[in-house]
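Across the two complexes that follow, chain A remains constant while its partner is chain B and subsequently chain C.
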Partner chain A sequence: MSALISVKNLGVKFRTDEGLITAIDDVSFDIAPGQVLGLVGESGSGKSVTAKALMQLNGDNTVYGDESRITLNIPEEPPLEVLSLKREKDMRAIRGGSISMIFQEPMASFAPAITVGKQMVEQLQIHTSLSKREARDLSIEMLTRVGISEPASRFDQYVFEFSGGMRQRAMIAMALSTKPKLLIADEPTTALDVTIQAQVIDLMKDLVGEFGMGILFITHDLGVIAQTADEVAVMYLGKLVEKGPVRDVIRNPAHPYTRGLLKALPQLDDLDAPLVPVAGDIPSPLDRPPGCVFHTRCDQSMLGICDKMVPAVSTISDGHEASCFALEDQS
Partner chain B sequence: MTKPLVSVDALEVHYPLGRSLLGTPPVLKALSGITLDIPQGSFFGLVGESGSGKTTLGRAILKAAPISVGSIGFEDGEVSLDIGTMSKAAEKDFRKRAQLIFQDPYAALSPRMTVRDIIAEPLEVMGLTKNREETDARVREIAAKCRLNLEHLRRFPHAFSGGQRQRISIARALVSGPKFVVADESVAALDVSIQADILNLLKSLQSELDLTFLFISHDLSVVAHVCDTVAVMYLGTIVETAPSRELFRMPRHPYTRALLSAIPSLDPDAKPSNLKLEGDIPSPADPPKGCRFHTRCPFAQAKCRTDVPVLKDAGDGAQVACHYWQASLF
Partner chain C sequence: MLAFARFAAIRAVLALITLLFVSLIVFSLMEMVPGNCAERYLAFKNTQGSGITIADIAAEEARLGLDRPFVIRWASWVGNVFFRGDFGESCILRVGINQLLGDKFWISGAICFTALIFAYLIAVPVGMFAASSKNPWLNGTLRFVSYLGLALPNFLLALLIMLFSTVYFGDSMTGLFSAEYRDAPWSFDKFLDFLSRAWLPVFILGWSATAFALQTVRALMLDENGKLYVTAARARGLYGSRLRWRYPARHSLGPIINSLGFDLNRIFNELPIVALILTLTEAGALLLEALARSNDQQLAGAIIFMLTATIVGLNFLTDMALALIDPRVRKSVVGS
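Let's look at the complex of A and B:
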């Protein structure tokens, strides 16, 4: 099966007053239809920049690398090179149409002075040929699907009248109403309480089964990844340091950073286990460490190797890859 | 049993909801019937969803929320205060004994002050030091305890990462030498790799400086790791308190169990829990009658809709406010 979206050697730099800043360096991944790829990493690791690159939503000061390719393969349509689209007009068909995005903060994503229903109808009219009446019916049907009670009266309300969980549901309903082939979910449950988070995760799982779309699920919470994703990619300072099937990566983490993240997580089944932080802070993108980007915080860093050379990708098992010199020694 | 540092008795916090021409204006009861002892030297956890009243309780104890009914006592061996009725002079003294660490280290620090000035400000406002030398000495001492690089004291907050900023906020809170610290979601805005570092720092400061913490968090796994006692709040009431270990070994209240089972497991093959909560927390302006949790409780019966359950001993140091907690365990 061919990938729905295929990202190859993605490099993103930003032009700033301080010079060119590298945000993403040589990132490659594929997402198949019906597959959920979890993207984890700390703040500043480049998760959101990667997601925005898929829709060319990064700012005007963005420079994409020459080797970068993002290919969108919608079934029964010719493959589309996202980064070769230069005009805003061409991007509009993708944004909200083939690719939809849900954001972390639903309050900030809805317009406060327009009813939720009107916003849902508006985007349907842009992306589909539905009449206003049909768009309204579909929107109410979607609100019902995501578990909002009394959808017809909610349709005419403003976003401030919704609770946090309802806003996130409404956003999911809106993102899915155009039947996108790829959904980008950027920290969709981070602002929610655990009980509501559990509801939203269940809902998203159901909807993947029903619509068969691919999902890029961005989060910093490995527990959420374990419960939602098929594949996981771990990002650090703009680099993919490890990726693979979720079971392999969580049970048998290969990269020191992935192991560090897992060890820093408080576990409920062992309250006596000490919490081990990953030493130090994530460096500023302004002074990216040379060699392996993680070597400044790595407890296995080898002097003269990790601070000089960039580690190659090692294969641990089928589909499970990591970039670390410690792994290269073994093979 | 160590003596309680803070004892909350039948506390209610009301906020007025607009005005009415006739009769008493409507009020929002943010907290109702809170009775709670925080023992000296404990790391006391307060958990619950947003809107459960965790922050309001923390603020009431610091006299930053109106105490409408009930009382809060503070006794640290040197002074004994009734927080609701204390004089202005006593309040001034109380401020240096009880402090708050905020959630968002990006919003809590003034961008126009150096780290040194940020940490020194409480000393200057409270007049705790006589001259600049003494202030500087005190700032350096507390900064070192919070593992801040002393060379960084001259810099401005924008130069620091989230974890470093949170260490600055902690130093600022501790510089007046408080005995009691409210940490309100102090690690919620941090990455996991940094979060563990701050939690370890709070724990070591607690034993080093003999502090009592009220640790407010929505994250049960964090609370399980650092707190020795936990109170679970729902819609302005306490539904369960227990020693941490006991609470996580056998959560008694259906709400506590639902909260625990909602934490996403790291095991991708973990069986989904059958105890899932439906819907949202109701509005505190119009709380359900009887047990406030009955609208979302899978075990609710007729009695729950009319009778308010009170906190009762439930063995092994736990107290639970539920009519049917024993029956609901099976």
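Let's look at the complex of A and C:
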């Protein structure tokens, strides 16, 4: 089965007053229909930039690498090169149609002075041929599906009248209303408290199973990834350092950074065990380390190798890959 | 609707209370100037050659009611202003303030409001468009024109125009009326004559006001453009003018309306200087004259009070407008 979306050698740079800043460097991944790919990394690692690149939502100062390919394969439609679309008008079919996005802050992603219902109907009218009446009915149905009580009266309310969990539910309802093939969820549960977080994740899983769409699930929380994703990709400073099936990666992490992230999680079986942070801070994108981007924080860094050369991709097991010189030695 | 009427009523009462406080401040300031009305009038008479005694002053104070306590004097002043629209008499000229002010305050108000309206009629659409446009020529030209408007002092602009007009048209464009209409009663012809002159102060004040408003609108628009809900709307497939007008433009209207009252005050502050140069007989020039030259506190106080009342009134109207267009305000007022 061919991938729903295939990202090849994605490179993203931003033009700034300080010159070109590399945000994403040579990132490749595929998402199949019905598959959930978790993208993990610290703040500033480039997760959101990757997500926005899929819909070309990054700012005007964005430069995509010449080698970058983002191919969208909708069944029964010719493959679409996302980055070859130049006009906003041409991107309309992808944005909110084939691909929908849920943002981290549902409060900020709804326009404050337009009712939630109007924004839902607006999206449906852009992407479907439904009449206003039908779009309203479908929106209310979607609000019901995500578990919002009294959806008909909620439809005419503004986002500031919703509670936190309800906002994210409404966001999900809106994102799924056009039946997208790919859902991008950019830290959808970060702004929610833990009980609401679990509800929202369950809801997303249910709906995904039913709609059969692919999901790119972005988070900095490996615990959430373990619950939700099929595959996981670990990102550090714009590079994918490791990716593979979620169980393989969590049970048998290959890259020192992934191991560091896992060690930083609290252990439920030993609550007294100290948390081990990944030493140091993520370097500024203005000051990108040469060689392996992680070598400045790596406890296994080899002088003269890691700070000089870029490690190649090593295969650990079927579908499980990581980029580290320590792995190259073993093989 | 009933809830809105209640909101309007509460706001109106609050505005009246504000005005009452303003009147207290204005009245206190009038009284804080050394010497009271009686002394000032008699001193003025003294310069005309007649001698004065302490008894004269006391008699005059009693005649004017200045021997009453401060609060009573304030209450009677404010009562006359609120209920009869009567600002009392000028200390020095012994003429009613209302008669002295005549229609000058309304002329000033009209000039300021017209400048304000023109400024926003131009600034709002142009600023919104400029914020979303990436055309470097458009943005460069607009920036040049606005910075010129902000940097060029109004009096210099007025002088330049007067010079130009005198050299090429033989008319210095000063005054608000041509000679033949100056003392004539209001008529349609006088009004036309007024318009043919009044455009100049409106233009001079309007340019800097437009420049200021343009920068405000542009900054507010850019601010809204950078917000997540705009990205989210783009992620849903909106683009172009539909996106621009429904999202950032609509949401920047609130703060734009809020800046109206502030701008009116700024324009009025600039009016006296322009008026002085164009020798306009309007309230701003009169205020300057009363404060700086004749020490006529009754006249100055009346003008300051009317100006403040206008700004309080405008703020009341913008509050109403905000409540109508912003659901966050409306819902907190009316309930859901």
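The definition used in the following text is that the second predicted complex is superposed on the first by the 331 of 331 C-alpha atoms of A that agree within 3 Å, B and C clash if a C-alpha of one lies under 4 Å from a C-alpha of the other, contacts with A are read in each partner's own complex, and residues count from 1 in each chain.
Just so it is clear, a contact is a pair of C-beta atoms (placed from the backbone, for glycine too) under 8 Å apart; a residue touches a chain by one contact, two chains touch by 3 or more.
Please read all numbers here as calculations on a predicted model, not as lab measurements.
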Clash or fit (per the criteria above) of chain B with chain C on chain A: fit
Chain A as apex of chain B and chain C, Cα-centre angle in degrees (nearest 10): 70
Touching partner for A:Gln157 - first (chain B), second (chain C), both, neither: second
Chain B versus chain C as contact partner of A:Leu265, first or second or both or neither: first
Partner chain in contact with A:His127 - chain B first, chain C second, else both or neither: second
Which of chain B and chain C A:Ala108 touches, first, second, both or neither: second
Partner chain in contact with A:Val276 - chain B first, chain C second, else both or neither: first
Touching partner for A:Asp193 - first (chain B), second (chain C), both, neither: first
Partner chain(s) touched by A:Arg69 [first = chain B, second = chain C, both, neither]: neither
Superposed arrangement (fit on chain A Cα atoms) - minimum chain B/chain C Cα distance in Å: 12
Touching residues (chain side chain B, partner chain A) in the complex: 49-50, 161-164, 191-197, 199-200, 218-222, 224-225, 244-245, 248, 258-270, 272, 276-278, 280-281
Parts of chain A lying in touch with chain B, wherever the complex brings them together: 42-43, 163-166, 193-199, 201-202, 220-224, 226-227, 246-247, 250, 260-262, 264-268, 271, 274-278, 281-282
Footprint of chain C on chain A - complex, ascending: 52, 55, 57, 60, 88-89, 91-93, 95-97, 100-101, 103, 105, 108-115, 119, 122-123, 126-127, 157-158, 160-161, 174
Chain C to chain A touching residues, read off their complex: 134, 227-229, 231-240, 246-247, 250-251, 254, 325-328, 331, 336
